[in-house]
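Next come two complexes, and both contain subunit A; in the first it sits with subunit B, in the second with subunit C.
Showing the complex of A and B:
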């Protein structure tokens, strides 16, 4: 086991040095790798291949899941009185998560579309439209802020 | 209000000390005027209490209880007629109409002669039953007057009655012995709440017709305290009707007589005082209740401003105070009404059915009235409610008050703020951490923009 892992790490270490431009896909993972290896590999891949803004989005979404989960747990344990407070607190977390998820879709899609424009015929057509008349990241971010402000306004009102 | 008006008018017209609370015109129906002199003490007593007495024979042509569709008299005292009936002006229907128009009636019966069928059918309308044998009198071999009825035992000697129940006021009690010669007994229908016995025969009494032979025990219909010597009916409009079994008890002779029970001492009768109590109660000199001010408002510390009194609308879960002022008329004046020991004056807060039924406590009193109040929280139910006081007791005039109010639900700004409820603090913290996290995310996003653009461009 350690020998294999060592081998994998030694194999992966020179890999990025030879193809500098191709950061994605150092095919060093073997078919009989352990679960831990796979997980660390996926994590490594995710860290290294994801743009910084998308990482930021994911961190924020993880935070929202945590906050929403805690509120739901408190409701289960301590009862739902006052119910409007639970509803607005919990739905603020859920709503923010949904909005952030859509921002992530819009921003990462445009980046992926811009990075590799020719994957398939259909997608290429859509990608063309997106790059020309589609949603720019700035526009997506503005929509996101607008939606979030409306959500916060409603939640603060509803929590009284 | 009407009583007050009547009182004022009577005070101006008659200008005497004692007055009925419901008018002073008293019609006495008696057969022949020679009879009149044997009741002279009663007449002078009644006149002394402010009544305008008119005497009419039942056969008279002018006799009418109504003039222009209104009562011509306030009260009616009917002595037993010698003839068959009471004549065309005093049919049972006329007498009941008189009762329905708030007239008060004393009907005296006599065991001397048989009771007429007109009177019997009148009493049947009121669920008061006379003996089948119309000439029956009450006999008691243990409580009779040894001086005047040593042989016949038909002059009853009775104590004045105490309160009917512990939750009813006593209007006819007192010391002394009543002499009731030749009583025509009555029995009361068991179902009616309007009927109340004033004086019952003693347990050793029974009824039979002295002109006939001694009846066998099977033939006796009712005995003992089933027999009523004096009974009262108070109609739903609080008009009063009293049946007195023995008219002779009102005679001058028995007002001043001395009697001696078996194994007793010779004592003067208290018939005169009892006649005053009986006519006073029937003609509404006692046992008359009046509701004064009714106030309800939100519970506050200190004085309530005039504009906050009796609001039309309340909110659910409001702390509310209700006050009712009750006076009782006693012979010539209004005094504070005191609820009898075991009884309670109750307030109902009702929408279709009572949501609250609360005992009202006496809180303060003025010279003429007592104020009863209670405090409660309006129920968690919005709708049209009413404050109700429904007090109907034997020998007291009815109180039936109904005051409608609207009970609304919370307005949107009347709920407690979120931070006032500590249970919600976690969710408030959750909401604000989401908002705070959003703001931090936005700031970081904006600051991370150039590097991201560069990365994109390099790619």
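Showing the complex of A and C:
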């Protein structure tokens, strides 16, 4: 619901600006104040709309980003001597992040698909097929564990 | 009666079971046919490993089976590349050897006493059966028609383009790699369709297996990201794509890094950067999509595209920057030769010298694929009509691999699977339209319309179908004819072109009886029996693996052409005068020199015909000492007869090839049957080598390197002195007799 209200209020300006972190071209075209506004708005929406479980997943993902970033920083600052170890540590973080993101998509899709069908836009046609072959949360979690097991097996094998 | 019972069998739920059963039976038959058609060489000759590379794989497999996995992993081979040795365990793709080792141990465990050689010989046919099954699965993902999968499996089973690399005995990486390629693609398509982590992880696992088996994995590494990238550009991003790709990339890259030979390549080498770039891009897109969930806006699509383009541009610029500054290894030479066919010829003669790296001749496409090649565009067109995610994949695959197959003969192998898929799609569409015999009743028409409307969005005409018996019979009849011709062609090609072991040659005597020419094995066995265990054999690199495998003697260079300088050294020794060559031979501890000479038999793949490549490769390292121009006559001809240039006549290779050859013929009538010329009357003289062995048909000649002279003379002087002495003695005796 709030999404729609927002869209009505700010009309054209906002959409591009949010990925400010990407420093993409269009962001510079907009006035700065609105960017901040929108960012805070998105954040509030996110906090209020996301279910508890998904929030937990997101916290885990943020943690993984932190861990990966720390390792990368260490690699840049202190040298990459045990390169195998760095690689496996870093790719464990990245891989786990990606897997968690996948799990998040799979689990939150079924609940959110009903609430915001309009946002799908062009992809609506494919969304139909998606729900047909949809994946239950249990199956998604089992897949997640399967993927993580393989990931960590490789990492431990690679770490030397 | 019969008809009604058939109806009972083929319709309803029991019909479904019957059809399932039939399908399994057909698939098994196809697999059996695929295996059987590859056994020509075993039946005609014997269970023997073919060609060159397979001999190394065979030797490595034996080592693995005898010494266990860990020592195989750490194998340092001091019997190849003589003074240098080779870290074999870290420089090979172990997938093939490990696979056959595992099969061997399983069979042993089941108390089936089988020789490792037979496992190796029959591995390729066995896996080709599996490839046919994988092909069925892949094509079934593409089409709703049940016949497409079966047709594709049948095509894949017997098409010569694939048989060329998988006959019994050609124990090469491609033997299992094509199965893995097809199966990885199947799992990838499954992953994209379902958006499940499991399929993505399975695809990554098989991708890892593929990496361990064949260097051609780079093809997958680039094809899948390209597929995703095209999907993104078409505005088809979905969470399924994200899940499938990121899972595949994260796990697959880690998996590929487990292979010591690949190591850090996936993050260092430009060949792999596209995958990394798309991975990053997908993260951005996913994030943008996530944000869009909160902010629906009309400009979003525009923003997305601009962001995609921007990141792509930035990524590309960064890639170029990193490549230039040397952080990422530049593209490998083979890769360049893919884009610029002239590249290898100018810069890397060693790559250009391999016949399978040459551009493909046009007839080869028809020879290898027969009528599939003209069904192929039709199939691609059908893919455009449906254009779901998986069809996009087929189209990209088709475009890329047709280009690559045109550039390199060897890559015909990667083209074959997609040709089979596309041709099967086209043919099954034709058959589906022409084979249904009865006019559909109104209700089924309505049903068919519904189906049609779903599958062909472009076609709005309500009733599509051909009901005239004549056209039906004509089209399906001609298609059947083409299929039959295809089978005949495949069998003919397989039996005539691809089933020769090339270690054992066959020819026909004038009366039609078969003659087996077994000079290679004769010579290698001679080496094994008559030389000390560590006698170093020098030969051109083509024969390195065979000498290692069959004669079990150390070699200077072999088919793993990792050290160009070393090969050039051998080339220099072969193409220089004896006075230059002898120190080189001494420095490299060479005991025997082996040359292949086809002049007597008319065997065209001999060393004199490859000689120019030796010269070129040597010239690449020592441009001052070896000059290609000197081997051509003033009129630019490559001659070996009376008019050959002095450089040619004095080269070690020429001397070894024709040494004593004239003695076979009446004086002045020696003829070289390969090059079809008359040779000079007197035999070339060898001072520093002596003939040790010549095989029955003179195909292989082995020369022993003389030790330094006891009296410290030059070899030429010593030889002259020997001759002089004899003459003197003879004259003395004559004098005495008088």
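Keep this in mind: the second predicted complex is superposed on the first by the 99 of 160 C-alpha atoms of A that agree within 3 Å, B and C clash if a C-alpha of one lies under 4 Å from a C-alpha of the other, contacts with A are read in each partner's own complex, and residues count from 1 in each chain.
Assume a residue touches a chain if its C-beta (ideal position, glycine included) is under 8 Å from a C-beta of that chain, and two chains touch if they have at least 3 such contacts.
These numbers come from a predicted model, not from an experiment.
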- Does subunit C touch more residues of subunit A than subunit B does, or is it the other way round? C
- Kindly classify A:46 by the partners it touches after superposition: subunit B alone (first), subunit C alone (second), both, or neither? second
- Query: Which holds for A:155: it touches subunit B only (first), subunit C only (second), both, or neither?
  - Reply: both
- Query: Once the shared chain is lined up, is A:105 touching subunit B (first), subunit C (second), both, or neither of them?
  - Reply: second
- Task: Pick one for A:143: touches subunit B only (first), subunit C only (second), both, or neither.
- Result: second
- Pick one for A:135: touches subunit B only (first), subunit C only (second), both, or neither. second
- Which holds for A:74: it touches subunit B only (first), subunit C only (second), both, or neither? first
- The intersection of the subunit A residues contacting subunit B with those contacting subunit C is 88, 155
- Across the complex, what residues on subunit B touch subunit A? 415, 417-418, 421, 423-424, 426-431, 433-435, 437-438, 441-442, 444-445, 448-449, 451-452, 455-456, 459
- Message: Quick check: in the complex, which residue numbers of subunit A touch subunit B?
- Response: 51-53, 56, 60, 63-64, 67-68, 70-71, 74-75, 78-79, 81-82, 84-86, 88-90, 92-93, 96, 100, 111, 114-115, 141, 145, 148, 152, 155-156, 159-160
- Item | In the complex with subunit C, residue positions of subunit A that touch it | 3-4, 6-7, 12, 14-16, 18-19, 22, 24-26, 38, 42, 45-46, 49, 83, 87-88, 91, 94-95, 98-99, 101-103, 105-106, 109, 112, 116, 118-119, 121-123, 126-127, 130, 133, 135, 139-140, 142-144, 146-147, 150-151, 154-155, 157-158
- Flag every residue of subunit C that touches subunit A in the complex, lowest number first. 193-198, 200-201, 204-205, 235-240, 242-243, 246-247, 249-251, 253-255, 257-258, 264, 267, 284, 286-288, 291-301, 303, 306-307, 310-311
